[in-house]
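Look at the two complexes coming up: chain A is in both, with chain B in one and chain C in the other.
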Partner chain A sequence: MPSQPPLPPLLTPYLSSHPDSSLTLVTSILGATSNWLILRFLHSSLASLWAPNPSFGLDESNNGTKKKVVLISFLRGWHFWRTEAKRLGLDLARLADKKQFAFIDGLSDLFNTAQGSRSPANPTPARPGIPQRTTLPVRGPPGAVPARGPPTAQIPSAGAPEGTTDKGVAQTLSFSGRGVAALDALENEILAVIAQLKISAEDGEEILLVIDQPDFLLAATGPSMDIGATEMAEWITGLQQNVHATVITLAADSPLIHNASTSGIQGSTPIEGEHAAFAIGLAHRARSVMQLRTLETGAATDVSGVLRISRGGGWSSGPEDNLDEKELLYYIQRDGGVRVFGRGES
Partner chain B sequence: MSFRKRNIGVSTGIDRNAAPTAVAQAALPESNPGVRPSPDDGRPTTSTGCPSLDGLLAGHAGLPMGKILLIEENGTTEFAGQLLRYYAAEGVVQEQKIHVVGMPEQWGRSLPGLIGTADILEGKRSDKRKDERMKIAWRYERLGEFGAGIAGSRDAPPQTGDSDGAQKPQQAFCHAFDLTKRFTHPSITNMTFIPLTPSKESPYASILKRLQSAIQSSSPSTIHRIVIPSLLNPGLYPPDASRPEYVLQFLHSLKALMTTHSSRVTAMLTLPLTLFPRSSGLVRWIELLCDGVIELCPFPHSADALATSGAATSEEEPPQGMLKTHRLPVLHERGGGNDQNIGQDWAFNLSRRRFEIKPFSLPPAEGDKEAQEASVPSGMPKKADLEF
Partner chain C sequence: MVAVNLSHRRTHNLLLISKLLSLRDTTSPLTLLVDSLEQPATPLIQEYIRRANLSKVHVTLVAFETLKCPEGCDAFISTRRKSPADIVKEASRAYQPASTGPPKRRLILIDAINPLLTSRRVDSSFSLPAFFGALSTPSTSAKLETSLVVAYHHDVPGSAPSNLYAPSQFSMLTYLATTMITLHSFSHILAQKAARDRSLAAPVFGLEEEQEGVLLGRLDKLSGTGAAEGIVLELEHRRRSGRGVLEWYLLPPASRYSARQVKEVVTLLDDNVLYNPPVEADDADEEPTSTFDLGLTERQRRDREGVVLPYFDAQNGDGPGEGGRILYDMGEEDDFDEEEDEI
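Then we have the complex of A and B:
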């Protein structure tokens, strides 16, 4: 099979155009994850800056607006995003150095604060060749990024998994306390990163904010910690105000969406009710909704899943905004390339 | 010293392997036999202790390091628990560190006994295959069994072990265990049991702390396995353990721990589905947090008659249940899709010496002797064998 272009031609218009203050919602389910699509979003926004020859191929369509991207991931680590982006030909670590990209880690330390197991993001260049697990006495003084949380002198090896360094991680989120105050603290940490990118932004450079699965934050806290769908939606709005456009991924498995509406025997638990309210609320605000799901007819060897693109509740019907609704099939090849095609085509 | 211990375990099964093994060990003290690169993309993997489960995991022929595998089970049977015991026993044989959560130390004594490398079981099969081999042109013989492609074949792990001469001196990646024997191994003390301690806060906090400190304080070459049997089971866990903010935060922190030490920790957990159905939001979130999700649906006892007749041949044990793969490590993280194992109907069978997962197929009609005879050599009837 011939190698695929990093951006499937059919998807390019959806990936690259983000009107001002628009929200794009990407929903995924257990068997059809959204990571590949997020990587395409990153690529369409960042590749033209990074590619040595901008006039090459599909990147042309993107030359008009320059973009910076902030990625917040709650379920995947920096290592995953970096290696997968590399398969697409996107060097996120280098882009982070050039302040075109910032990664906010919502995985490693989110609920770990008591342990303080991770040393704060250390901007001193790490040496990738040398495994840092060996006992290093004291590293250089902490640089620009201020240390948060309790000091972690006792475990020098903690934050350095093999082949992964903290280089490139702009911020590591940690959740403490409860309710709106805790969310506000997270928001401030994120806004600080956005502000850093804004300082270096040239004229006309826009910031795209990608939040990967903020719904986990809601599920893992919930009403018993005074966080509900309303608070989360407000939190998202607060972040949206500071960036040009936003892409959010959510889980949309049927137990999480449909249990809330059925007045069945078992009723719905708070986790289901809040999730449904949060997801549906966001869909009403979104300009477009991209749903990923598996084939209803069972798995196939040449189709990974179905991608349905539809207008969301926030779609403006003005002449400047044209968005075709479509349902497409996609197939992830073993080399990471993606083929997107209509039903019946191949 | 350490490798001598291992040889005791291994050589009980295979004597001829003992000498070359020791030589290889001396030459390569650093190499870790329990970890090998995945044939798919080269990432380190370790064995689950069950060759056919290894083969199911999306072409990696083992569980990739840093990944969490969730095994769900319907009903009141203990098939998933048995898989966990294989996983723990395999870890002990490979001298990895095992952390068992929420179980008393008796659990460690119920591990199945070691009978040798996984090749032993394959030995019998390959005898059968040898008769067939005469028919195959000799130049194709080395290419392996037909249908056993590189991409995630069930037979991949044993094949690489016994067909490739170069790998022969290596330590076995996967071992075989016998359920009727009790596990005795010099390094069984490598198991630690982390009890659930009652607390006002999250019952998982102390577990997590112990796991973190154990992994962080160990030497970087130590491989860890985290075993969590029957998560949320009210017989083991306090009532508030199933509160989403506790269990989801715990699993998220576990995931963070695995990501931080991504080349030396694996975890496997089981979940009783009868108590916590898949249609609930909490279970779905637990699944979303795990890298691999496999569901076991044992046949009810009333289906015994059907299952017996479902055995393709008299030599083959009848399937004891269906197995569904909902998510596979790495593959689905990338978007899912192109694994040949996906979308198959799988059946599993637990016998004294192995837990076997094979494609589920309806047998030829009862009394149809010719068709039954025809399906004997292949072991499992393929589509071609079932032409009507």
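Then we have the complex of A and C:
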């Protein structure tokens, strides 16, 4: 198969235009993940900076506005994003050095209380026994785990967070305490990174914030730690206020959405209720919602899934915002290239 | 009968929606907008703001979702990390009319009440009626007529009530509201009507499809509906007398009229051509053509009705063999045949 341009032409208008303080929601299900789409968001914002003469016809899509990107990932580590971006021709580590890009690791040490205890905002002392149980398996290629090493061994307990774990990781998030205070601590850590990028920002440079699967944070804490959908949504509002535009990915698998939204909160478990409230609430705020799903007719050899782009509740019907609703098919090739086409086309 | 009814509704109910949307005479102190992902309330809120600006009403937006102050808003209150009491305080501080002069009007918009209902920071002593009451009563002595317009996302699951015997928060809102407007997408209403007209099950959209990975089903070009733009408003207005008014309206998209237009833009849904296609001109009189005249003249019809059928006669009980005669009054064009008509 011929290699594909990094940005599918059909998607370019959706990937590159982000009005001020807009929210783009990307929902995925187990069989149709959103990684490739996030990588294309990164590419459309960063590629022209990285390669001075792009050969893919990206010049018109960027509209002359330069962007910086902050990526917060809760489900995938730095190694994964760096490797995958490289396949698209994007060197994230170099961009991080040039302060065009910052990666915030929400996976490795999120519940590692050994590091969390250094936080002054921590109201409860670190509980022994917790780290062993809550250390998360690192997703990604098998080689990633030994290369990173066990987090506790690498990170000094005094904890200088900046760049100690991995070159290119601007910040490693750690969750401590409970309730809104804990979320505030996370927010401050993220805002510090955003502020650093802002210092070096030139005129007209905008910051795009990409949050990969914050629903994991909600699922891992939940009502027992006084964090619900409303608190998470407020946390996201706080981050949104400090950046130009935001892209959020969420899981929209059927049990997480439909159990609570159809049978009511009584018939569902807390995680179903909170997740549904969080996801649907964000869709109400989003300018556009990009929904990924598998084909209803089953697996196909030349189609990976369906991408539906809809206007969210936050879309303003003004003449300046023309967002076409579309349903497209996509196919991820073995080399990581993605082909996007309409139904009936090839 | 139907036509009279429709013209009556046209006069009264269009006046009512015009009053409600333009906040005249405080017809409705608390309006609840029930929306869903399939038809968000944003365009209707913009319409409220547009009309308020035209009639110089002070607009306050209490923002639970909105980040930026939209055009036309006079005061913008962000609610992040604020308690309900703080929100009320800030809202009353946002507009201080002069205590003399004619009574001022004020519109307080809440873009989504859901976060407030499910927030964990709100303690159990919080009561929705008190919150709305505090928002709409002016703190100063100035004459102020406040209208509250509250949007509620119907599809966002709420939290379970702490007291199992208490009504759900949505029920509470519906009890409190003096007007409820439920929003529907016009193209969906058309698709559902088309299905109903064929006695098919009405289609569902978005979350109700319960299809994995689908949050929103709204695609502009729905097959068979054409470019049906606009919002259908299902209005339930409770009058002070207690009588309720139910009506369906259509609000056209904002691009169809100018921002300064004073004339009413909302129409009845029944008046819409797409929803209620005009019946073809009455050619229904046509009958099968033949050389016979199959119709009846007036006199023939009267005569036919005058015939007493034999079984009525049989019920008189004149004895065996007596009932069941065919009684026939001869007309002038009948000619008597002795042999055949012998009884």
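Everything below uses one rule, namely that the second predicted complex is superposed on the first by the 283 of 346 C-alpha atoms of A that agree within 3 Å, B and C clash if a C-alpha of one lies under 4 Å from a C-alpha of the other, contacts with A are read in each partner's own complex, and residues count from 1 in each chain.
Criterion: a residue touches a chain if its C-beta (ideal position, glycine included) is under 8 Å from a C-beta of that chain, and two chains touch if they have at least 3 such contacts.
These numbers come from a predicted model, not from an experiment.
Colleague: Between chain B (first) and chain C (second), which, if any, makes contact with A:32: first, second, both or neither?
Modeller: After superposing on A, A:32 lies in contact with both chain B and chain C.
Colleague: Quick one: classify A:298 as touching chain B (first), chain C (second), both or neither.
Modeller: In the superposition, A:298 contacts chain B only.
Colleague: In the overlay, answer first, second, both or neither for which of chain B and chain C A:310 touches.
Modeller: Touch partner of A:310: chain C, not chain B.
Colleague: So, A:208: does it touch chain B (first), chain C (second), both, or neither?
Modeller: neither
Colleague: I'd like to know which partner A:253 touches here: chain B for first, chain C for second, both or neither.
Modeller: So A:253 meets both chain B and chain C here.
Colleague: Return first, second, both or neither, reflecting whether A:220 touches chain B, chain C, both chains, or no partner chain.
Modeller: In the superposed model, A:220 contacts chain B only, not chain C.
Colleague: Where does A:112 make contact in the superposed view: on chain B (first), on chain C (second), on both, or on neither?
Modeller: In the superposition, A:112 contacts chain B only.
Colleague: Both chain B and chain C touch chain A; at which residues?
Modeller: 32, 253, 266, 268, 294
Colleague: Would you pull the chain A residues touching chain C in the complex into a rising list?
Modeller: 20-21, 27-29, 32, 179-180, 226-231, 233-234, 237-238, 240-241, 252-254, 257-258, 260-262, 264-266, 268, 273, 276-277, 279-281, 283-285, 289, 291-294, 296, 308, 310-319, 324-325, 327
Colleague: If we count contacts the way the header does, which residues on chain B are in touch with chain A in the complex?
Modeller: Touching chain A: residues 40, 151, 205, 208-209, 212, 216, 220, 243-245, 248-249, 252-253, 255-257, 259-264, 278-285, 287-289, 293, 326-327, 332-338, 340, 342-343 of chain B.
Colleague: Can you tell me which positions in chain A touch chain B when the two form their complex?
Modeller: Residues 30-33, 35-37, 75-77, 79-80, 84, 107-112, 114-115, 117-118, 131, 133-134, 155, 157-159, 161-164, 216, 219-222, 224-225, 251, 253, 255-256, 259, 266, 268-272, 275, 294, 298-305, 330-334, 336, 338 of chain A touch chain B in their complex.
Colleague: Which of the residues in chain C end up touching chain A in this complex?
Modeller: Chain C reaches chain A through residues 35, 37, 40-43, 46, 65-68, 70, 80-81, 112, 114-115, 118-121, 153, 155-160, 207-208, 210-221, 253-255.
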